[in-house]
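Shared between the two complexes below is chain A, which has chain B as its partner in the first and chain C in the second.
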Partner chain A sequence: MGKQYEIPLGAQHISLLEPLHFKFTTENERIVDTQANLFYVHRGIEAACCSKFKFRQVSFVVGRVCGLCSISHSTAYSQVAEKLVKIEIPRRAKYLRMLVIEMDRIHSHLLCLSHVAENSGYEALFMKTMQYREFVMELLEAVCGNRIQYDFSIVGGVTRDLKPMVAEIILKRLKIFLPQLDELMDIYKNNWTLSLKNKNAGAITRADAMRLNVVGPFARAAGLAVDVRNETEDLLPWKEVGFEMITETGGDAYARNILRLRELYISKRIIENIIHGLPESPLVTETKAFPDGEAVARIEAPRGELFYYAKGNKTQVLERLKIKAPTFSNVAAMVEALNGNEYGSAPAIIASFDPCLSCTAR
Partner chain B sequence: MKLSAFRKKSPWILHYNAGGCNGCDIEILACLAPKYDIERFGMINTGNPKQSDILLVTGPVTKRSRERLVEIYSQMPEPKVVVCCGVCACSGGVFRDMYNCEGGVDQFIPVDVYVCGCGARPEQIIDGVVEALSILEKKTKAMEETVQLKNQPVNEGTQLNRRNTAAAIIQPQ
Partner chain C sequence: MKKIETSLENLKNDIRQFYNPELNHFIVMNAVDLGEKMEVQWFFCDYAFPCEVTTFYALISPDAEIPDLREIVASAWVAESELVDLMNIKIEHTTKGFVLESDSESGPLRKKNNYGKAI
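Let's turn to the complex of A and B:
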């Protein structure tokens, strides 16, 4: 048994976008124990949503929980609030929500992939992936009016309509994107340099993933078929627009990369189906009711299952709002998957988990 | 050549998220990417506060990240410029008066450039950082002037000759 050293990573580190702190106990450069310390960005959004803001304003506030998946948060909250005021939203609004969620998924997955490439020391691939990602940011701006923080879903529907000209541009740009996606798939699958840092790094078995309640791409890469889009049909009709479950075996960083890229093909298909079959209806259902009772809503954010619980008491202000973010479910498995790996590959593994701490800490 | 001559050509950036929503952070990442390409100004993202010239802060300062922010700022060498990125770093934004938020970076460290917007667009960020460059140059000049004053030779006629004074005091004994 060699001598053990404790190495900290964070709270401020070049490879981290946001403050989180890992304390690794290493032995011969190999991690034997990990402690995660995540809650640096706790802001108290839940408390403010139950006291400071009216329930119609909250969908704009919860969008600011996370900049990467703001549409998932505002949509999940809108669904919960619609259950509380007991309205059904128009069909076109449902389709438009799904459109923006899938476009958001493309940008989030490509960002994660580029971040893995950067932390593996492959700067050129980081640049390439970010370059290919830029088209979806432009499209999101064309659809929602902002590159990030869309404020697209509100209680009762959506804020903007999809113009026919924008729909045409989306289809055209997706056609350009397809060969680029094939190119990325080829690089991430076959590049030898990248495989040195990614293959067998941060691996988790299927049994462990099931035991630790892993969600999202992390679980699907380990062979666990977990996807909210597959389970719920009542709020958003995912199967109508061509959703297909994808799983990978292996559970390492390499499998997670491939899984994310394969999901992009599905996202692209869903977007094309939505645009071709967009139903005609108004955008918003008006109501003057106040929230009453309890409700939950689940939605598949880019990182996994996002869970909202809300309770109303017939006033403008909610009594309780509870957010369970996908990364919160994954923390236990993240710590487990880091053990046994070399310290040098820790940044790449952390990036491949795609942690979102501002969701987790709120 | 002096270091200060190159500082304007290649300032190094340190990025810290003091509790934001990641929105501005991914726009900073987009600035580094080929479309906006902040590296044409010689800027590079570095993780080490001891080597960097510009501190890019995002997010309303949470109570827990406050100490880290001040620590990082104090570790940076002079001259240094602080750029607030996004409306919540400028004033707290939507998070203002939430129980764990302090609301604004400028309550703890001096801020030179405010970049507003939620989220701040890459064009705005580039504009703010280029503005920070001119401030960095001004600060560099101000530092050099003080160094020049210190190095001026002592004029014998105006200065008191301390050795003679000391000798005169010691002499009578």
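Let's turn to the complex of A and C:
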């Protein structure tokens, strides 16, 4: 038995762009114990949503919970508020929400993959992945008006329609993206250096994923078929637009890379199907009702299940809003998956978890 | 959403009988400050289509100690730690200092801290 050392990683670290702190206990360069702290940035958004803002304004506030899955937050909140005021949104608005969610998934997955490449020491692949991601940022701006904070989903529907010219551009750019995606798949799958760094790194079994209630790509890469898009269609008709469950079996950083790339093919297909089958209807259902009672909404954000609970009291201001981000569900598994790995692999493993502390410390 | 009332005495038994990691997963734990009382909630969801969210809830006094569920739900400690920090409630085997620093103001989501004050 070697001497044990405690090594901190974060809250500010060159390879961890999140205010998250890990304390590793290592022995002969191997992690034997991990502790996580999330207390660096608590922003009090839940409290603000129940005191400073009227319920219709909250979709804009929660859109700022996260820069990577802004649309998931504003859509999940809009859904829970729509349940409280008892309205159903127009069909076209549902399709447009799904369109932006899938475009957002493309940018988020590519961002995660680029960070894994960078933290694995593959700077050129980081730049290539970021370069290929840029088209979807431009398309999101064309659809929503913003690259990051979309302000697209509101209580009752969406703020903007999809212009025919923008729809055509999206279809054209997706055709250009397909060979780029094939190229990325080839590199992430077959590159010897990357495989060496990512295979068997940060692995978790299906049984552990189930035991620790893991969500999102982290769970699916371990073989646990869990995806909100597969579990409910009462709010958004995912199967109608071509959703397909993807799983991998390795459970390691390598499997998570491959899973995310495979999911991009599905996202591309969903976007094309939405554009080809976009129904005609208004964009918003108007109501003057105030939120009453309690409701929950779940949505599959790029990192997994995003959960909203809201309680109304027949006033403009909510009684309680609870946000459960996907990273929050994965903290317990992240801590366990790091144990047993070499300390040098920790940055790449953490990047492959795709943690979002902005969501978690909302 | 299906709501099932429980009590702190029956909580572990009720959850043990309901929760099967093969069939459903634990989403999160929540608390709503009702003033004199606190409604503590545990959310679960099926691995199925269509899925159903099941909520166990208990109405408790704010200074009561809640049993921890980590022997039944291995990942529950994360949600329990968060609630101790944000709602300033007592949960067995759970200390402050996970999502807020241990010397932070207690329970920022409690009504006595102006949370819920009308605009």
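As a working rule, the second predicted complex is superposed on the first by the 362 of 362 C-alpha atoms of A that agree within 3 Å, B and C clash if a C-alpha of one lies under 4 Å from a C-alpha of the other, contacts with A are read in each partner's own complex, and residues count from 1 in each chain.
Assume contacts are C-beta pairs under 8 Å (C-beta built on N, C-alpha and C of every residue); 3 or more make two chains touch, one makes a residue touch a chain.
A quick note: this is a predicted structure, and the numbers were derived from the prediction, not measured.
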| item | value |
| --- | --- |
| Touching partner for A:A333 - first (chain B), second (chain C), both, neither | second |
| Contacts of A:K52 with chain B and chain C, given as first, second, both or neither | both |
| Touched partner set for A:S70, first chain B, second chain C, both or neither | first |
| Partner chain(s) touched by A:K324 [first = chain B, second = chain C, both, neither] | second |
| First, second, both or neither for A:A295, with chain B first and chain C second | second |
| Chain B versus chain C as contact partner of A:M130, first or second or both or neither | first |
| Which of chain B and chain C A:H13 touches, first, second, both or neither | first |
| Partner chain(s) touched by A:H42 [first = chain B, second = chain C, both, neither] | both |
| Doubly contacted residues of chain A, that is, touched by chain B and again by chain C | 39, 42, 44, 47, 52 |
| Complex contact set, residues of chain C against chain A | 1, 21-22, 25-28, 30, 32-33, 41, 43, 45-51, 53, 55, 73-75, 77-79, 82, 85-86, 97-101, 104, 108-109, 114-119 |
| Parts of chain B lying in touch with chain A, wherever the complex brings them together | 16-27, 29-30, 32-35, 45-49, 59-60, 62, 64-65, 68, 72, 93-95, 97-101, 118-119, 121-122 |
| Chain A residues touching chain C - in the complex, by the definition given at the top | 37-39, 42, 44, 46-47, 50-54, 210-213, 215, 225-226, 230-234, 294-296, 298, 305, 307, 309, 311, 315-317, 319-320, 322, 324, 328-329, 331-333, 361 |
| Chain B-facing residues of chain A, complex | 11-15, 17-19, 39-45, 47-48, 52, 60-61, 64-68, 70, 111, 114, 126-127, 130-131, 133-134, 137, 146-149, 356, 358 |
